[in-house]
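Take a look at the structure below.
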């Protein structure tokens, strides 16, 4: 009977906010249980339990020295390079124990790429920087294409395509960092670990790296350590907050809270997280 | 607002001037000494230099004329062999120290390299004498071994220095790409260091070619013709200059000056260019 | 240049706001039709439909909270976020007014209305709709002039409202009409308030554009 | 991009070559490293072994005996030790202030363009072969000092025993000056590196506090590199102690202890070098080895000392506290 | 530990909000007294006084804008800023309602009021005042229970309002009272709205404390 | 007649927002006119006109390479140390031309302290770090008191008072930076120039430095260069935004906008400022 206007069942309102990562729909990439790690007799992190999901950007934040770098470097066994490094607990990578018998750190690192705080291009040409690892790993087929694709994924191709034979050191800081990302991508890893990738860059270069991360998220699982809380807020889907605790083992980092980023920055469950993100500390 | 400073500041400024002046004078003095040395050698040696001097055999004792061709050949052989021995070993030691050694072992080996570096070369001469000459005739091999001991720590240190200039971050970068250790060392670290190793070697050669003491007991009694066989005592420039300088004969002095000029030119040209190249490399690598 | 995720979120939020505006218009039209036709069923639909508006409202609120917490907007971006926040509140309020009209409609559905008064309510309703549209368009087009024009439109509604009350005073004597008339006074005032809220949206547009907040007219000295 | 990983592959397999390569490289390089240790030990062993005869004949008193008589076959090291000490001392006294001045000039004062040139020239001074410098010393420097400098020293400070005696164109004093010339560039270049390694931030920090350049140098550069300067001087000392050829050429050879610096003399090294042909008896050769052994011990000790100083220095710089 | 400048600004802002609340209470009391005593002068004072509230409102708005632009609050801080923002809006609206009451008072100042109705308006007014106080205290004390109690208080006002309208329907026949009665319907509704706004402030308190926004009751299904 | 409640004239509402710096009430410390500066033939900044006020925190922001450091180093003649440095225009410091005849850079720097990006404590004890400059400048009277006061002003006293004789290098990064501030304060300068003083620090240390700046503002005029826009927003009263421009002289920095900080971050007048602060660039 109502004429003029009818009220059709409304279509579900599509949400205007960041699409929440529904972790249940995302495969678990790393399953970390009871991780304790340290150097010599010092404990750097203790009792860390964490799952990292596929195609999700996970940020790790926390005060200096809380073991963020130690943690992320456990994930691709970079810490094996430190002679005094010790660890306990398990890190399952797609169900396989990363530190299990017979697991080759070299292979682990190929699958789990890493980018460091300070851009570290090799003193070679731009092309060779990207092509070196594929060559070493025997991925020599269609090398040019591979290089181009990696540079394109790293949003660097347009800027360097005319000077691939120039030294990588002639690039600006931000470009160098993107080159390092391209280099990591070129061997098709599954995960990208970034340890403060933008902390040495100015805001413009930082923004480009952040945009790049967003676009890489389609294909990679990304873990980023950052000092800059706003950066974590801007780019990450999930955020892990580490803090420093102490007992008879000395001072060490613990995982305080791990949740969707919006949750961490609007309504963290733990008081310490709240104190940290709001800037009230000890 | 007085930005011109007070009396005190004026006094501080005078002290400053004085200190700066003295430092400058010291530097000038060093340059002056070098100039005098080079100039006096050039002045006295240039007259004797000729094509014949470079290509003839050594003079007969007490006779005029003659040349230094055997000395040039012998020195080249000695240094060449020494380089062939020292370079690979030195690079390997440096790689071990910078890439593999645990801190303890590294410190011990580093100490040995430093001690070798500080070892008086006369001791090396005595050592080589005791090891390879005593009871045998003098021979070129022994001289080369002596020189190689002189060169070894030099090349090692130079190599270490450039290896250290290769940032850890680059090794980490390579490892993080799934490259193995040896790939990283051969593919990233050593290539970056190659230039530095080369210049370091050249510097070591420049140093070795003028070394007298290690040769003194090993290859100081030689004939006056060109000798190609390192099994025999090899004529060489530094020992011959030493002998001539101890002589009382003016013509020997003249020969000494001329030979010294030849040696000096070689040493200065090589070491100066190597140093300039090295400075450039260093600046480039940060 | 690529739009950053932040820009996209902001755009989405604004689009969502415009959609909310469209919903509000539907609520209001529904309420006005129900009133004119004494259609209780439609009135119920309107009341139920408000839940959708509320949901949209909450989503925008939450979107704003996330944006503020995660993206630290400043300058024009911050003004846009704040303008969206305020506009969102106003729109939600307008929808509530639509519900109020629908509820009042239900209360007097069995009374034969006074056609003249009804006519003037319909006119006020149309004016209110017009104002909502102008306000939303001014927002979308960043149109300062359009936003400022809302003040005059509001004048018209205010005047209608005053006339309406005068007219009601005349007819309220008729016993059959008493309750109807009293309810309609509230409806009239409600429509007038919708106009006020539209003006407030206009003020937000002006704030967004000029970075200065000023009330177009002093609300407390209005109608 | 690759799908879910095949767990097998994480466990290597095709990486045999990598593992073998790593092993091989490690073995070869560590063998070379070990070689350096063995070499030092072997040198010490050989030298002491060579001195065996003299050691058993003279024992420790060799060190303070002064004789060097090939006929009677009695040998002692004292004059050589004295000569070594005095020539080195003269060298350091002259060289240290000069070297510091040069290093400061090169690292703090000179305009950038001049730095490279002057720096290279100073290092070139170090590159001059000692035999060439010795030649110059005996034929140019010695006569010059004997004609101009030594008489002046004698006239002004003749009341001091060290400046008594007649000026000569070869002797301890000339040897000391030649050694100074050899040591200056070494100490200067080590000190320059040291000064350059003082972070520019520190220097800026001092200047930003309103210090003059000299105050900055004194307060920040010199003070923070003091132990390093010590080590550099010790390194120079090591060079002076062990230098054989140039000293042999200019010292004039004399196995005795004279108070005058103008007198000829010998150092341990110059005696060894000077006797390279004339050694007649096994005992004389063994005695020369004995001298070498003493020199080796002194050399090792100074080097070790320098190492220790540098260690402490590094510790202080990084602020271990 | 030292309070950071940011914390201080936030505290100041909250204090300012409480002061605004006190001002609103004064406006409301003034309006109610003017109504009861038909005191046109006082009504004018109330209307003028609203400007002060508006100024305070604008200052808080601006303070919030600065805080958001300069201090990037997150988590509890952000919620506090947003709660202040919303509460500020509600308080300003309440003051406007006070003005509305004052204006209506002036329109009917020459009519002898119905004492019973007047009495019940006074009661509603007191309830509204009570609710404002509860809301402000709940905010100040971060008292979730008190905030939730506002729903029940609001029920009472709503009921009074409904009764009031019924009563008005009865007396509106008297010609002398017609206009007065019509105006008073609006006053009653206005007081009821003040209650609603107090509930909304309570919701903000709950949001601040629980980090979850939920409406205590669905506004559109209210009164 | 109104009873019950009266409406007293309201007391002026005290503003809940940051107290705006009223530049007209603040003395001008630096008056910079037509400043152009560069290295060799390269121009780094051009046409800068600016007044800096007393007891006000002035922030300088802008993209990398826009000449922020060059600018701030002109203010205490630190650039004199760069041989190729050139400048034109005038910088009046309390009315005196800083680059005028007879002005001693040494004296200028004593009055205008500077703190750098990287904490640069001298490798001396904590005490000597602070006492060194007073000693050099001949302020030897009551040295202990002076040191204590400086450390207190730098909010470091409590943390170090028991270990004044320990090496300054044993302090943490943030403490070292505060020590550098104490060192600058010890000679009682009038102005403090800070070139990215917190960019190498973690959030906690950064916050302490920011709090410190707030408390130092009472006694000093502060100019801070920062990459971190939010830092400028948090701490500065006034903000100068530099941007990069280019013409036949090459690329150089220009002053785009200079205003109260809230203005810059809520309603900048220049489009370029708005694009920069909101993160839309190039």
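Chains here go by letter, A, B, C, D, E and F, matching the order in which they are written, and residues are numbered from 1 within each.
Convention: a contact is a pair of C-beta atoms (placed from the backbone, for glycine too) under 8 Å apart; a residue touches a chain by one contact, two chains touch by 3 or more.
Here the structure is a predicted model, which means the values were calculated and not measured.
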Chain pair showing more contacts of the two, C-F and A-C: A-C
Rotational angle, Cα trace of chain C fitted to chain E, multiple of 5°: 180
Between chain E and chain F, centroid-to-centroid distance (C-alpha), Å: 46
Distance between chain centroids, defined by C-alpha means - chain D, chain E (Å): 91
Separation of mean Cα positions, chain E and chain C [Å, integer]: 20
Where chain E touches two or more other chains at once, by residue number: 4, 6, 62, 65, 69, 72-75, 78-79
Multi-chain contact residues (two or more partners), chain A: 106-108, 111, 207, 229-230, 233, 265-266, 279, 282
Residues within chain D bordering two or more other chains: 15, 18, 212, 215
Touch list for chain D against partner chain B, complex: 15, 18-19, 21-22, 24-26, 28-37, 39-40, 42-43, 46-47, 49-50, 97-102, 104-106, 108-110, 116, 118, 120-125, 127-136, 138-140, 181, 184-185, 188, 212-215, 217-218, 235, 238-239, 241-245, 248-249, 269, 272-273, 276-277, 285, 288-289, 292, 295-296, 299-300, 302-304, 306-307
Chain D residues within the chain F interface of the complex: 111-112, 199, 201-202, 204-212, 215, 219-220, 223-224, 316-321
Chain D contact footprint on chain B (complex, rising order): 12-13, 15-16, 19-20, 22-27, 29-31, 33-34, 36-37, 40-41, 44, 89, 92-93, 95-97, 99-101, 105, 108-109, 111-116, 118-127, 130-131, 134, 149, 152, 156, 180-183, 185, 206-207, 209-213, 216-217, 220-221, 238, 241-242, 245-246, 253, 256-257, 260, 263-264, 267-268, 271-272, 275-276, 279
Chain C-touching residues of chain F, taken from the complex the two chains share: 229-230, 233, 265-268, 273-274, 277-280, 282
Chain E residues touching chain F - in the complex, by the definition given at the top: 2, 4-6, 9, 12-13, 15-16, 19, 23, 26, 29-30, 33-34, 37, 39, 41-42, 45-46, 48-49, 52, 55-56, 59-60, 62-63, 65-67, 69-72
